[in-house]
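Chains: A, B, C and D, in written order; residue numbering restarts at 1 for each.
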């Protein structure tokens, strides 16, 4: 079973050299820590920076330089700043090649719900609806089940949707699943996780090939 | 040239009245028009419809106008962590319209650029699309979104000149340029105000034509919402 | 009767302090020469400059600094450069407050034709269709009649239109006419020109008040 | 970082094939991708659909590709003074689609920004509106215009870095930024090519994400179409 860093590490394997990538808040943010040596990717933050770098050294924080999580950051060589319309032009125009974000629910047809729980305070969708409606590679990083132990990989999302038929892959603490043709396709198991456990914890239609390799991290 | 420079925020907000719609630049607390917000609070203008990506925090940014119940409706993409906001929203005192962030930005730009409506894929199939026209382009469904209208736009820039030209710094640019385009009256507050001709015309982010009033901000707190740092020895 | 410079001089009286103005090619360009001392206006050229200045001194021409007529120009203090989308955002969004342009025909309802003559080589509308569809003050600078002596102020345009119901005022060598309520309203006569001549040379519906002042230049 | 820098125009245009659609930045002869045009001419690629505000002049700019009959169709707002263009157009060898300049710019931007279509007042009631949807917004009729699609975009900038970031100079900016956004493959030629990090991130006009290939132009003639000057003693 993977911890949060393990999930991030596995997702980092999806990155290709030269990719422009948008990372959501939470586990997705950790992906930046596991970019392979051999490749180079640029991180976009939708509030208006391309070429986002690590957090600043203490005392070097700049209130005018933050990411979409409102955290102080730095800019790497080759970075650029731009306005929000240009930023979402990059996203909507599919120039940002991969988006990694968290989710409350994902359906077997690739729907995603991650912004609203009826009856609870709604904070807003931020840029999530634009992101999931646009990028070609939408990867969801989340736990396989919720706190009550119920599957988050469903036939249909029960929560209000963020986007329809857009999620390409889901990486959880249990494995890697591709979404296509109206089903989750199990690609890899996390170390020490059985296919049986994944089957048990996946409510949506699940296609399991004869051989499911354990992932290499 | 007609005088765009005004002495302070109080003079800059002249004409803003109860019930008007106003845009506020900024993302979180980054690049927000602190001086205009303070002046609006001091003047006690009520029932404002505010278009802003976020709603500030308790005690800062638009949170200051929420405290004093000056905002009737917020149009935002993310209203974040704000207890007073939550209280007013749940009690029904405050109306809230949530808009996807890219759509919010594009609706501001559209308003400024004379584009009354456009199609976007964002929000299709979600409650954001309810009641909106859906049309398929290139095999993909899109929804029709309309330009905003705003009586005032309050923006914050790093440098500005007396012709109204603005230059922003870092990610404090965010929504400011599109909102500057969109306001019937656009008020810019700047950290440095220079004579026309002192800025390189090639480096202007917002051409002066979009700005009706400009002033040197009296004080910028530039509060940081999430101070995140690394130690000198740690790795990325 | 006015010459081209006279027409430009009269149009310059329409400028108000702080106006942003787009001047078309030909007579409109001359308007810049007659801005009153007391006021200041900024000229926009749709290829991407605000704060356009006079032609450069010989030897100081810059190939990267031209106006929409492709002429070498200069930039005044307070100028800015921008891309064509932003430029037409200024125009379409009615931030440019006045447009002065030439025309082949204008109709009593404010239609304008100035880009195409069937059977002749068509060079294109350039930015004219965007300009006339947008600005609140569209002023046409043209001769009252064509070379054959036929009126250019018509009931209906015979040439393909550039825009519909958009022209606010027409300034010709004979006078100043406002367009409203489906008619040309004669506001002023050019020095030495009779109302009778203007009536004779205006084909479209013309409203002539009891007293038509001679313009002051 | 993935290598965007290529050695010359010939390498930069690799993959451009007969019949493709290509955008060319520039206004008149100002800010045009001279090196790419020369390479396309040298390679003899045919039947191009060219989206460009203008069509060059005889012997320069896109006029060079007209001479060699490499262009099947021009999509422009103003085709200007060009004898060869006129001859080909009148003889029917060359197809021409005229688009209002602001609509041309916006259709490029829309393509780059993932907006499939938008409404504009430009061209309503004219032959440009024929066959297009008309809709009234705010009492004013508008027509629906669609985003362009382009296999390649060829742009020209003043300075560029190895990450693909571009800075334009003066009015040579014009259509280049939107076309850079719109091309499936965007090729930028620059007068000065510097390492990533050498340009101020606050002064970038076109972020590198929009540029797939960049090279240092071998030679820029930068021809002036209308040389207009004043004498040192004359007034404006």
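Here is the rule we use: contacts are C-beta pairs under 8 Å (C-beta built on N, C-alpha and C of every residue); 3 or more make two chains touch, one makes a residue touch a chain.
All figures in this text were calculated on a predicted structure; none of them were measured in a lab.
Enumerate, in label order, the chains that touch chain B and chain C alike.
Chains that touch both chain B and chain C, as defined above, are D.
Could you tell me which chain lies farthest from chain C when each chain's centre is the average position of its Cα atoms?
A
Identify the chain pair with more contacting C-beta pairs: A-D or A-B.
A-B
Could you tell me the distance, in whole angstrom, between the mean C-alpha positions of chain A and chain D?
Those two chain centres are 36 Å apart.
Please report how many Å separate the Cα centroid of chain C from that of chain D, as a whole number.
28
Using Cα averages as centroids, what's the distance between chain A and chain C in whole Å?
55
Two or more other chains touching the same residue: where does that happen in chain A?
49, 75, 81-82, 85, 88, 91-92, 134, in rising order.
Mind pulling the residue numbers of chain D that touch at least two other chains?
106, 109, 113-115, 120-121, 168-170, 201-202
Could you list each pair of chains that touch, in label order?
Pairs satisfying the touch definition: A-B, A-D, B-C, B-D, C-D.
Mind listing the chain A positions that touch chain B in their complex?
Touching chain B: residues 32-33, 45-49, 53-73, 75, 81-85, 87-88, 91-92, 111, 121-130, 133-134, 160-165 of chain A.
Which residues of chain C touch chain B once you look at their complex with the stated criterion?
17-18, 20, 40, 42, 44, 49-51, 75-82, 85-86, 88-96, 134
If you look only at chain B, which of its residues touch chain D in the complex?
So the residues of chain B touching chain D come out as 106, 110, 113-121, 135, 137-138, 140, 142, 146, 167-170, 201-203.
Quick check: in the complex, which residue numbers of chain B touch chain C?
1-2, 109, 111-115, 161-163, 165, 181, 195-197, 201-202, 204, 207-210
Taking the touch rule as given, give the residues of chain B at its contact with chain A in the complex, in rising order.
27-31, 53, 76-81, 86, 89-90, 98, 100-106, 108-109, 120-128, 158, 168-178, 205, 222-232, 236
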